[in-house]
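Next up: some structures, all given as structure tokens.
The same subunit A turns up in both complexes below, where it pairs with subunit B and then with subunit C.
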Partner chain A sequence: MNAVATAVVRRESLWSKAFYKFSRDRTGMISLVFVLFYMLIALGVTLGWLASDWSDVQGGKWEGMSMTYWFGTNMIGQDIFSRAIYSTKTAFEVGLVVALIATAVGAVIGAISGFFSGSWIDEVLLWLMGVLDSIPFYLFVAAIVFAMQESPYAMHVAMISTFWTGSSRLVRGEVIKLRGLEYVEAAHAIGVPELTIIFRHILPNTTHILLVQATITFVAAIKSEVILSFLGLGVKDGMSWGLMIAESSQEVMAGFFNNFLAASVLMFGLVMAFNMFSDALQDALDPRKVS
Partner chain B sequence: MEILQYSIRKLFSGIPLILGVTFISFVLMVYFGPDKTYELLGKNPTPEEIAEVRVQLGYDQPFVVRYADYLRELATLDFGNSDSTGERVDALLARTIPVSLALTAPGFVLGNVLGILLALFAAYYRSTWVDKTIMASAVIGMSISFLIVIIGFQIIFASSYGLGWFPVRGWSVNSIGDYFSYVAVPTMATVFVALGYNTRFYRSVLVEEMTRDHVRTAKAFGVPPTKLFYKNILKNSLIPIITRIVFSIPLVIISGSLLIESYFGIPGVGKITYDAIVSGDQPVLKAVVGLTAILFVLAQLLTDIMYRAVDPRITLK
Partner chain C sequence: MWLLSLRNQMPIKCLHTSLALITIALLISSCGDSQEQSSSDTEDTNLKVYRHAMDQAPTSLDPVQAANVYANFIVLNTFDTLFSYKYLARPYELKTNLAVEWPDISADGLTYTIRIKQGVHYVDDPAFANGQGREVVADDFIYSIKRHFDPASRPQGAWLWIGRIVGLDEWKQAGSDYSAEIPGLQALDDYTIQIKLKKPYPQLLFTLAMGYSALVPREAVEHYGREFAIHPVGTGPFRLISYDTSQVILERNPNFRQEPVDIKFEGYDPERHDYSGVATIDGRSPPFVDRLEINFIAEASARWSSFTKGDEVQYASIPNEQVDQVLASKRPVTLKPEFAEKFNFYAGTEAGFIFQAFNMDFPEFGYNEDPERERRNKALRCAINKAYAWEQRNESFYIGLGKVFPGIIVPVAPEFDPDLSTESITRDLAGAKKLLADNGWTAENLPPLVYGANSSVTARLMFEQFRAWMKELGYPTEKIILKRFATFGDISKAWKESRLPFVTKGWGLDFPDAENTLQLFYGPNGSPGSNDANYKNPEYDRLYELASTMLPSPERTEIYHQMNQILIDDCISITGLARTRIYLWHKNVIAIPDREIVGGFFMKYVDIADAEQPDLTGSGSR
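And now, the complex of A and B:
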């Protein structure tokens, strides 16, 4: 009797409900499979199992598709397929680093700013966000690339320092709402220190927002990485879809499209899958969202 | 009169933002930026020559003086001469800003108008196949990189491998016909890229407004659909719509056209900014950053005034 009762009364949390909802979402699950597949490729490249020959000159100039070179070869005879696969790792690396750090920074600053909203701390933090949002992005990246003396992480730093403001504003809004709830008041009343209230009692309740925001930042970082690498401000050593497209911009005028298509198709697949995954995640995690 | 007073107050309150933007970019671009001394000197310069060039460039001044100089330049809109071409920066901007505006305006307007129309359509037919098709296309559009769209459209519409209808690149506009042929491919690319994001944003704003209680009440009282739509839904969703449109203006002028202009070789602000980044042309960069900050403050002011016009409950205080 008792065993039956405990089996029936399951604890329902935001997470268990979200997990259930997500697992019933067909587009969400399909996109998750795609994202995981890309992630495996990226992992394989990192471990050296895949595409380790991306920089070797193997074939002739502009060979067509064949069994040895699935997407043909580029201007100097490198295997385009290997290069496109290797770029998946670059994209994932940039996306993960930027998304994780930018979201974490945004969470901390947003929580502090929201908790102290109306005070000078909030004013200063809001001013900082406004300032960072008003500097033209490409100029900012270029300036950081120069100031960091062409370090390979200049692009990451530039993206993190501008992308956190979005998460921060969202968290700030949510914290302002949570701050007025009874449980926070109760924590105040029994003398819990303010920082503990912010980071132990309030911030964990914004995790669902942060998770969705991290996926959005991930996509934004990948797209920016490609454009920055194309402009010569991003990836310097290594391969990236942006560099492949930069290479191809001369080739397409000569009528050779393989490089361009390989980079575009792989990038589109990843960004599309991640966008759909992000949407499904948002549907599952945000009970208030009307669709 | 009230609006004038408010505007002046608001402009003053924008000063911290301008100071912040100029300070950060000054530290990054000018203080850590490229040292032009040796580019202006011949081979084997003497210490006197080096010192002379450094004085000429203002490098011998302390940080505070140089930053104050920048602020003075911004206040008087006199940025001196470009390092790389020697042209006056204000003349350079006066020449390139109209080109950028002519280039981006059609795409910006079309992207937003079409976005709102598609969003209205999707919201009106919410959760039917019309809505689902529009929203699925929006996600597909959002997933294609701007870069890929630009190159793809150039191949499809302008190259000999595609339709070859428009010039491949460049900007030699002498008549209205030239203008349309040069602006066509960039406009299509901008609209394509903006449309997905815009449609999604506007649809979510409209749908949120449609599910409000007051709309349901109005419907129950028998308000006709068109009136319900204009008065109860569209008017209430104008605030987020205005905010999005106005705040994207400053970045559309500078960043949005940077990629297009440098790819298509169009002599606009984006192109000179890109060239200035590549060559470290500080007077131009200082002017572009400073003016963007001012545009942001103006955008903020403009949205506040427009909120007032849209929603009489908002007072300008």
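And now, the complex of A and C:
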């Protein structure tokens, strides 16, 4: 009788419940639309459909807003709007690369650390995370960027080197919780190798955490890129909102704010949208709230 | 142990009382200190202080390392040179300084006999016996020049005299033994110097007015060792009080010789100089201020803010972004009334220029084993030159006030040719494209061009502007590659080590003679020398060597013009632009603070007007 009743009940996964909850979250959906819009812009720039003239010198010095130059021109006559749009690609490129790699590295190390918690492996990995976390972030990033100044990916390496520890600590905690569950003990009992248990049976169950953490890392990477580029440590050859704000530092005293406004508004829009998206995602994926 | 036992015997209440008494005593003593400080400040307000501002700090105050204007500002005011420049005369004119009179020069131009002033003393310093500065003697000059040929001094000025003075190069090769004599550098007696040259060197006296040739006392150099770089001991009008990366403070040298200023001799012209009040220093002996404070403020906007908000600094240049707010007109330069009321200003063309050059050591652009490729390389260089938009650069970065000129003989040099064709500085994009096409250059076979720049925003924008022009020429954007360097020192090192195919730099004249810029392309001066382009043209070198022994004359000027034309025809350099300098200073500062060539020499003539002096409210420009 019980077996028949169970067969009738419709089973829902965490993901389907999360999707349902997210789709009912108006703020989350609006922010998702914004993020997708930015993503389309970044894609358009990457494919050469948008802002391909970002580096051209077309107008005069510090021209005002017009139908030709929506945000005016900079000191050497470049179209500020094109440069701001092009910078969206830079932000997405840095955000995606850093978020994906840092989260993946954090997940693997965190899972190993959590699974072997209390052992020397855990001690060593915790010590490594503690060391990296104790170094002031921008000082550490600046050191790596200076050490790798020839490489256009110095900034990426610097951020990945520091951002993975956050994901790692979260995953470690979750794995410590999961490894005590019956299905893990059962796997042990039937002789499944430890690495298989970690990567096939435990890590997939931390995906909801990793997804939220990746969105947070994405936003942090964008903000860090802007700050590093402003300081001259970021983008080597290309354009970025941080470089535009650095340019504007020479212009605001002359009463010309277009570079500053264009970069700030676009960056604010993306960071805000991604933050709200991240919050909504976190709510949707939280098992306590989903049920 | 004693303290422990005492504490054990002392009641707690008594301990508290003691602490309270100590606290009160400290408060009283600190009040006393502040009263003293306050009276000292009051005393300081009676001092005449001139507060100057510069964008960078010197890294050494030792004359052998005085390689830039920042170091020279301090060196020329704490040490003395045999010759210096007249304060106001333009074109720039030499005058005697430590030398008594003009040197006796032998008929063949090879022997210079220079007599120095008697009774000139170094500042008092522990390096001397009894701490009292001794008299300057001719041997000090010999020693000071020898230091440039002693690697242990880490000298930077030897290039001025290499291959010029009899026995000096050999002295270095023999191990720089200071006890060994040099035939071409002798002290005939305590006050007479004799210099023997291998060949005539008409610019010799100019070199003896540079900070590099300042006289230093051997005992101070030996006493301080490497720290002599921060302990200048000289005979200049000021002596050092403190030095760090944010500020240098100098005070009047009480032993400085009494030499009243003859303002007419110094080049005073009422029409050009009256507004500044400099006529009031006539007949008085410098220095006129008690203290010089030289502040190093990197950001132009921060310097400007310090300058305009009060008396924090009394001298500044106008940041580019402030030009429209400050200037009423650019041609001629005039200030808006609200600034003209408070400040004097000076506007003039710099004694130097900015330019770009191809490094001929790179076979992609310069010399190539294949003569056909070398011919095509020349066409490529000429096309890039034609695509370069000097006027646009001038407008973007130099507020349109720079003076664009062809070749490398700068506008302030006496040999400048105002009638030279401007074809090489006129943008001709169609001509440039045709030149590329005619010589088989296409987007596919154009070589990558690595452009070095420091990490500043301005340097980056300059690169982007250059890249945009090259894109218009047909150069693929991805082939114009930016290579960033953290500091100017790093990129300068890369040029010196011939690591970049394209050199973008500025040059300030060391002396008012076109030889100083023509030597930038003299073959033997190749990297790590001043010829960063590594240009080697036998005809150019022959003309340079021919002119280098000639005194100023129409014949020498003609040779200079021929050399200039060779450079233009070979498209070695994209040149050039001389910037217009606009400096402002407070009305109560009596000075013409022109730092071109004259460097820091003007500081000893700066005076501060007091209440009794007439209102100096004019303004003007050079």
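Following the convention adopted for this analysis, the second predicted complex is superposed on the first by the 277 of 291 C-alpha atoms of A that agree within 3 Å, B and C clash if a C-alpha of one lies under 4 Å from a C-alpha of the other, contacts with A are read in each partner's own complex, and residues count from 1 in each chain.
Quick note on the criterion: contacts are C-beta pairs under 8 Å (C-beta built on N, C-alpha and C of every residue); 3 or more make two chains touch, one makes a residue touch a chain.
In this text, all values refer to a predicted model and were calculated from it rather than measured experimentally.
Student: What does the overlay on subunit A give for subunit B and subunit C, a clash or a fit?
Tutor: fit
Student: A:Lys21 in the overlay: touching subunit B, subunit C, both, or neither? Say first, second, both or neither.
Tutor: Touch status of A:Lys21: no partner.
Student: Between subunit B and subunit C, pick out the one touching the greater number of residues of subunit A.
Tutor: B
Student: Let me test your reading of the model: by the given contact rule, A:Ser134 touches which partner, first (subunit B), second (subunit C), both or neither?
Tutor: Once the two structures are laid over each other on A, A:Ser134 reaches subunit B alone.
Student: A:Phe146 contacts which: subunit B (first), subunit C (second), both, neither?
Tutor: Touch status of A:Phe146: both partners.
Student: Under the stated touch criterion, which partner chain does A:Asp237 make contact with: subunit B (first), subunit C (second), both, or neither?
Tutor: A:Asp237: touches subunit C, not subunit B.
Student: A:Ile227 contacts which: subunit B (first), subunit C (second), both, neither?
Tutor: Only subunit B is touched by A:Ile227; subunit C is not.
Student: Regarding the shared-chain residue A:Gln78, is it in contact with subunit B (first), subunit C (second), both, or neither?
Tutor: Second partner only, subunit C.
Student: In degrees, to the nearest 10, note the angle that opens at the C-alpha centre of subunit A toward the centres of subunit B and subunit C.
Tutor: Nearest-10 rounding gives 60 degrees.
Student: Between subunit B (first) and subunit C (second), which, if any, makes contact with A:Ser249: first, second, both or neither?
Tutor: Both partners, subunit B and subunit C.
Student: Quick check: superposed on A, how many Å separate the nearest Cα atoms of subunit B and subunit C?
Tutor: 5
Student: Which subunit A residues come up in both lists, the one for subunit B and the one for subunit C?
Tutor: In subunit A, positions 146, 232, 249, 252-253 sit in both the subunit B and subunit C interfaces.
Student: Inside the complex, what are the residues of subunit B that reach subunit A?
Tutor: Answer in residue numbers: 16-17, 20-21, 24-25, 28-29, 32-34, 127, 139-140, 142-148, 151-152, 155, 159, 161, 207-208, 211, 250-251, 254-255, 258-259, 262-263, 273-274, 277-278, 280, 285, 288-289, 292-293, 296.
Student: For subunit C, which residues are in contact with subunit A within the complex?
Tutor: Per the touch definition, subunit C meets subunit A at residues 301, 319-325, 392, 395-397, 455-458, 460-461, 464-465, 467-469, 471, 477, 481-482, 484, 486.
Student: Quick one: in the complex, what on subunit A touches subunit B?
Tutor: 127-128, 130-140, 142-144, 146-147, 223, 226-227, 230-233, 242, 245, 248-249, 252-253, 255, 257, 260, 264, 267-268, 271-272, 275-276, 279, 290-291
Student: For subunit A, which residues are in contact with subunit C within the complex?
Tutor: 55-57, 61, 74-78, 146, 149, 232, 236-237, 243, 246-247, 249-254, 256
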